Structure formats: structure tokens, C-alpha cells
Amino acid sequence: MALLEVRDLKTSFFTPMGEIKAVDGVSFDLDKGRVLGIVGESGSGKSVSAYSILQILTPPGKVVGGSVKFNGDELVGASEKKIRDIRGNRISIIFQDPMTSLTPVFTIGNQLMEAILLHTDRNKKEARARAVEMLGLVGINDPERRMGQYSFELSGGMRQRVMIAMALACEPDILIADEPTTALDVTIQAQIIELMTELQHKLGMAIIMITHDLGVIASICDEVIVMYAGKVCERGTADQIFYNPKHEYTKGLLRSIPNIESDDKERLIPISGMPLDMLHMPAGCAFAPRCDRAMKICLTSQPQEYFVAQDHISACWVNIQEGIQSGLIKLDENGGVKV
Amino acid sequence: MSYKFGLYILKRFGMAFLTIFIVIFMTFFIMHAIPASPFSSEKARTDATIAALEAKYGFDKPLPVQFVNYLRGVFVFDFGLSTAWVGYTVFDLIKGGLSYSMRIGFSAAFIAIVFGVLLGALAAINRDRWVDKIIQLITTALVSLPSFVVATLFLLIFGLWLRWLPTISTNPGGLVMPVAALALYPMAYITRLERSSMLDVLGQDFIRTAHAKGLSKFKVLFKHALKCAVSPVITYAGPMMAYILTGSMVVENIFSVPGLGRLFVNSMLRTDYMMIMGVTIFLTLMIVVMNFLSDVLYKIMDPRIDLE
Amino acid sequence: MSDKVSALNSLISLQIKPGDFLPATEAEKKQQVVMRDSISFMRDALKRLSRNKLAMVCLCVILVIMLIAFVVPYFYPYTYQQQDVVSAYTRPFQYSAKEQTRIANGEKVFPHIMGTDALGRDYAIRVIYGTRISLLAGIVSAVIVIIIGIIYGSVSGYLGGKVDLIMMRVVDIIYSLPDVLIVILLSVAIQDMIRSSTNELIQRLGAGMVSIFIVFGLLYWVSMARQVRGQILSLKEQEYALASRAIGTSAARIIRTHMIPNCVSIIIIIAALQIPSAIFTESFLSFLGLGVSIPMPSLGSLASEARTGLQSYPYLLLFPAISIFSIVLSFNLLGNGLRDAFDPKLRS
């Protein structure tokens, strides 16, 4: 049994203009101490997937289907109290923008101690000691003084360190990092990623790293999920995704980042076209209108998740076609599948 | 913090001082621009008695001298002598009315703030649900009703038709209607202010952080959200003071409360310019002080605000 | 190995038709993408406004009230000052004894829709005139605020620097003045001056109206000026303004395409919310006896007069109260609708 099992998770936003299926059938497993990366462009549903796991969606967002099992316990539809006991305790999350993620009118210390007091038996004094210890652990100097400061008195990198300290204060099993470096300067980004890797080795928690930065994924992730328009395009180990991408969208993503090792004559190739209007999803594969290898079937029918190799899934008609051609999938005379 | 804060208070204080000075200046010269002598309208008086009276009140001196004298007086709350209520100083009369006005004014402000904040928060939490819709409907209606309509309708419904409450303020329970009539508009205003401010705060990232920590909904709302969302209400304290003070002119008249507002209206009816000037300046002083306090409190409550 | 992968795929179900794997054409791909029409900001805002049913109802109510207030007096059989003491306190749709004899004599008597007041004046026409005064106070004030606010705000924002600093200090000071107190003070003074004035227009408007217009001209434009200045200042620093300058767009075009649409919304919103405040102030002054000169009625003075004999003749309070309530409510709701339509960011 995996630490976290997500199956066919569906989350929608019910706006006045219509239902937006922000997450539409996402499945994955996360084992103890592993690092899972989720990549995709803005609006692909990465963050919403994370919020759905902890059920911290803001209305009109709502989990409409699927299952999230933590240590075998179902979280979708569980009582508010049960989920609260897990939030910030067993599963923690840090957010994209450390500028706005801390309450401006309370001190850092107050906010750090809040979670510790809530989830552990420590008294105020012990909680304070623990908070100071955590601030030291995330590399904040003079933690005693920082405890009495407000978030606006700290730099962006500092605030993100405080967020990490707050998230790890109760020694969670899973840390969800929702684009933790996007809002930071490049030099600070590297420091934060380094800190997270270091803490992961020290504390042994599993991490779900949500980002659109493939560099971050490559440096720390064991497994990778590529999302597009609320769906999983491709899922595999980091090696599989980076060295043997199967889905056309993943290939496009990888072509669009600079590669130091390749010879410099090669040009970066952007993915053409615009991201989708989520209110008007096409009938077929969501990526098809932007895909160079789109086929007739791509426009009419959604591709299913297909194993291209052990632990490597791709939802792409091109892969399925290749599977048929190579005989991995055998069709019967009516065009249906033969098992 | 402390140095900057001190500087801010100093600046803000200077601004308040300037405002009061401008109002004194305007009041003085507007009232002295009126061609008629304050005594000429009173019964039949000979020119000699008018001259004697003007000498007594100091109206015979050149205008700038009068202004300096008046200004000097204002600093020690000496607003001169009333011309309509002979034998009384303006400040005596103000003191007499103040206790009544303070009582209904502060009760109204207290009710408006407490209920306004609670209703606004309630509406925001239940956004777009029926509770929110009803609160919005009622508050929109209330901010569309002038104080004199509310007060007169109260008098008609609760005083004359239902006979639940006395129509004269000096009877027991007589201050209920004036207070309610004064409180309704600011309460509705604060409700709307608090609702939109709370909605704004609820959409902020730090609320998600608080939820993600595992805090209960109650604690997220009443610890993290409410403290941020009440700041705009504090800034409304000054305007609310102004509303209540001017509103009390109407309400005190309707319910015969012997307060400052009624005094002011009576001074106008009896063209007692010294009283009009004195009360205007006194009310301005109260509004400016309230504005000053609310601004300072705002900065203390919300440490984010830049102190320029 | 390949068998193992095949087994993993056992859950897949497919239905492939011949030709499914042919490449899709660009045209077919394009068909899949639904693009939202791009329409101009103004049209988009008006579309949003017209979809807001409540705001549209309020707009209709305002138009109907305006029509009544400005047209009906021209062919109404009674005037606001025509007294008939014998017919005093006639209830709505009833006739006084005198009028009943006239009817008995075969005369046609136009009914008093809202009854008559203490002096036997037809109340409906008085309420209509009062409403007219309120609307006038609101609209003229809004116009004054718009003109002064835009000029002051755009000059301050456009020039920037020291001039802006000084101009904004002036705004700060004006902002802190207690406006209603100054209106009252001015009306007291103006009322006195009006008594000796020979100007017929000022005589007819009355102290309240004149002082409201003066005070709006002196004090109320500051929030408009602040907003306009803020918009223009922030616009000057916007990347898109810079970008369009960089690609050689003319200043006139930048102003037309970027500056005006940005300011128009804030101007409309503030103006719409200014109207109820002016109506409130006017009726408040009239209630205190500082408004229009008698016998011209105003909704405030009507409500004030209605207090004598309130228990017996409550309709004298209710009609002006309903009128002012429906005007102010309609303007408030329309203002909210305009805010939602023109400034989607401000949407609650």
C-alpha cells in the first residue's frame, strides 16, 4: 500500500459561466520518502490537484469525484475534523507566493506556534522552543528575534523558509510544495530547492513538488507527472520522462527548454498555439489542437492512459497507434481491443 | 517602528490642527459675510441699543482683530456669549447639550460597529447564500433611507401606532428610538464595508495557509480573517462620527432630545451666530479628533501599512 | 517484458475505425478551439450592465421618475402653491365637501391622488416638485463633481512631481473638512443673503440648493480628483502604455485607447454614487428648514411638515418618504451595477 493513493480525482469550479473541470481524473501513487514532481503550464490543474488532496479549495471549487487514500484512509468525503487532523500535521503544504501566504497582522512566532500547539501535546513554552528550533533548521539566523517579527519585515526567501519551517514543524509524512520557488529570485530559488532536498534527506518525508520549472523537477524528483488541461498526459520515473518522453506534449515541453549539453546550433522550439479555454473543452484530446502529430481520432475521442513501459504511462493516441503497430495491443476485426 | 510612528503621529497631528484652523477661519468669515447684524432681526431695537450690544459682544472692532480675539478664545473653549440665550456663554450651552448627545451618539456608534461587523462577517462567510442575500437586501435598503425618514417612521410606528416606546426622550426608554434611528445607517454601511473587506481577506493566500495548518473554520475566520478585515471599519470611525453628529440634528429634533443637535438647529432658527459658530467648531473638533484617533488605531491594528 | 506491459494495458478498451489514424488537418484542429470574441471594453461593460436585471430595472425606475418629475407638472391641473384651506387634509382619492358640491353640480374635479396637505394644496404635485428638486440636486452636483474632479485630477496626475504633491496636499486638507457642517453653515449664511437678493433663479432655488452646489464645487470633487489622478499616474507607469509608446503609437491614440477607458469606469462609478449623497444632503437641509424657499416643496421639507398631525395623516410622510427611498435606492443599485460592469476587478 502506498502512502498516498489518488484515484480518478475530479475537481470542478462552478462559475456563473459554467463548470470548469480543473482536475479531470488524475491518478497517482506516492510512496514513503519519495519525491513526486507535477509539471504543467498555468491552469493545467497542478495546484488544484494539490488543494483537492487537502480539501483546501476556495469556493466555487469542489471535489466532485474520485478517491484520495492516505495510509489507506479515505479523505474524500471524510469528516472535517479528520481532515483537519491531517492538514499541517501529516500532510503539509507550502505555497507559491510567500509574500501573501503569511497572515500580515500576526507575528511569525505566533503563526509557527499555532500549528505546533494544535497538533502536538506541547505547551506554549515547548511550542515556542520547537518553533525556534524549526527556524534554525531552515537556516534563518537569529531565530529568537524573528519570532517577534511580522512577515512584511522579512525578504521573500526568508518568508518561504518560514513557510517551510511551519509546514515541517509537526514532522509530516508528506510535504506538498506548490510552486515554492516561482515567486523568488533565481539565486534564492536554488537555495530553497537545496534546503528542501537537505531537509528531505534529514527528515525523510515524501514530497509532491508542483512546478512548471523542468529544471527543478530534474534535480530532485524520483517520479514525474505531466499534466495538461486537468488530465495526466504522462507519468513515469524522472529518467523515463526526461530521456524517453512519449507524449507529444512532454516532448514539446522538453524541446522548449535550453539544454547545456546539446550543441548550440539547435534552436528552442516553443509549443505553438494558446492554452485552452477551460470552459470549452474539445471532445477529443485537449492537446490535439496544438499537436503537430494530431490525427483524426485525436479530435473526436479522448486517449486513455496507456502503459508504454513498466511504470510509464502516456495518454496519447500516437502511442496507442504505435502499440497497435508493434503488436502490443491487438485489435479484433471490428476495431475493438483484444486482450 | 517607534521613531517612524512618532513622526507619523506628529504629521497627522499637524494635519488635524490645520483642519481645525481652516474650519474656524471659514466659519468666522462666512458668518461675518452676512450683511445683517445679529441683533437687527430681534424685535424693535433702536440703533443706539444695537450699537451698545455690538460693543458688548465685540462686534464693533475691525474684523481681523475680532478674528484674532475669537481664535484666542477658542483655544480655551471660550466661544463667546450667546446672543439668543442672553446671559449664557456658548460653551455653557454646548456643555448642557453634550451629555445627551454623547449618550445617544456613543450608544449608536457602539451598536453600529458591533452589529455591522458581525452582520458583515456573517454575510461574507455565507457568500451568495440566502443569509447573505437577505443581509445585502436590508442593508442596501437602509443606506437608501435618510435619517429623518427613519426617525419619523419610528416615531409613527413604534411611538404612535404600536405605542411600544415613549415619543418624548425624557421618559424612561425614551432614548431607544433616537439611538436606533441614528445607528441604522452607519450599521448598514459598516455591514457592507465589512462584507466586502472580509470577502477580500477570505480570498487571500494566508487564509489558505491557515486552513492548510489544520485550524478549525471558526479559528481561521475569527482569528486570521476578522482581524485583517476590521481595519477598513476603523477608518470609517471618523465619517461615522460626522454622520452621527449631523444626524443627531434631525433625530434630536424629532424626539425632542435636548442635545447639541437640537441646540444647533434652534440657534439657526434664532439666528444666533455666536452659537452657530461655536457649535460648528466644537463638532468639527470632535470629528477631527475621531479621525485622528481612528487613523492612529488603524496603523496600530494593521502593521502592514507603510508610515510614509 | 512486453507481455507484462501488455497485461498492464488490459483495462484499455478501444473502438478504432478505419481512417482514425490519418493526420488531422489544420482546419480540423482549429475547429476544436473555441475562441471568445474580442470586443471593446465599452461594449463589453455595457453588455455586462444590460445583463444585470436589477440594475436595468433601477435604470427604468429612474427614467420613469425623471419623466414624471419633469413632464407631468406641465399638464397637471393643480400647481404646487394653489391653496384651498377648505379642502385641507383631504385623504388620497377623496374629495373635500366643497369639491363634492362641485361634482354634484356636474363639474369634473381631478382627484387628489395623494390627498392634500394642511393648506389644502394638492399633495401629488408637491411630491412631484420635491422629487424634481432632489433629482436636480443630485444631477447638477454630479456634473459639478465630474467637471472639477476630472480637470483637477488629470492636471495633477499629468504634471506629476512637485505640482502634484502640492495639489494632493490641498486635496488631503479638503478631504478632512466636515462637509455637511460646512454645507449647513453656508446655507445659513446664504439664506440670509438670499433674502436681500433680487436674482430670481437664486430666489427660486433656495439657500439649500445654492449652498449644496457651492459646497460640491468646493469640497466633494476631491474623491473624483484622487481617483482620476491615481488612474493616470498608474497608467503612465503601466507596461502596456510604455509598450505602445515604444512601438510608435501616437499620444492621442494612447489616450484614446488606454487612458479614457481606464478613467471612464471610475468616473461613472463615482458619479453614480455621488448622486444619492447629494440628494441626501439636500433633503437633510430642507428638513432643517435650510433648503428651498417656501412655497417650493422639497422632499425633506414635505417630510418635516408632515410631522404635525403625523398620527392622523401619516400619508403626508409616507409619500415623500417612498419617493426619496425609491430614487436613492435605484441610484445606489444602479451604481453597484455600474461598478460591477465597468470594474470587474472590484466585483465582490
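All chains are identified by letter, namely A, B and C, in their written order; residue positions are counted from 1 within each chain.
Note that in this section a contact is a pair of C-beta atoms (placed from the backbone, for glycine too) under 8 Å apart; a residue touches a chain by one contact, two chains touch by 3 or more.
Note that the structure is predicted; figures quoted are calculated from it, not measured.
*Asks:* Nearest chain to the global Cα centroid?
*Replies:* Per-chain C-alpha centroids ranked by distance to the global centroid put C first.
*Asks:* What's the farthest chain from subunit C if centres are computed as the mean of the Cα atoms?
*Replies:* The chain farthest from subunit C, judged by C-alpha centres, is A.
*Asks:* Count the C-beta pairs in contact for every pair of chains, then give the pair with the highest total.
*Replies:* Top of the contact-pair ranking: B-C.
*Asks:* Just give me the whole-number Å value for how far the CA centre of subunit B lies from that of subunit C.
*Replies:* Roughly 25 Å separates the two chain centres.
*Asks:* Please work out the Cα centroid separation of subunit A and subunit C, and write it as a whole number of Å.
*Replies:* 48
*Asks:* Subunit A to subunit B: how many Å between their CA centres?
*Replies:* Taking the average C-alpha coordinate of subunit A and of subunit B, the gap between them is 53 Å.
*Asks:* Looking at the complex, which residues from subunit A come into contact with subunit C?
*Replies:* Per the stated touch rule, the residues are 273-274, 276-277, 280, 282-284, 288-291, 293-299, 304, 306-310, 317, 320-321, 323-324, 328-329, 331, 334-337, 339.
*Asks:* Which positions of subunit B touch subunit C when the two form their complex?
*Replies:* Within the complex, subunit B contacts subunit C at residues 15-16, 18-19, 22-23, 26-27, 30-31, 33-36, 140-141, 143-149, 152-153, 155-156, 160-161, 195-196, 199, 242, 246, 249-250, 253-254, 264-265, 268-269, 271, 276, 280, 283-284, 287-288, 291.
*Asks:* Which of the residues in subunit B end up touching subunit A in this complex?
*Replies:* Going by the criterion above, the answer is residues 127, 202-206, 208-217, 224, 227-228, 301-304.
*Asks:* State the interface residues of subunit C toward subunit A in the complex, per the touch definition above.
*Replies:* 1-2, 4-6, 8-10, 12-24, 28-36
*Asks:* Which of the residues in subunit C come into contact with subunit B in the complex?
*Replies:* Answer in residue numbers: 172-173, 176-182, 184-186, 188-189, 192-193, 196, 276, 280, 283-284, 287-290, 300, 303-304, 306-307, 310-311, 314, 317, 321, 324-325, 328-329, 332-333, 336, 348.
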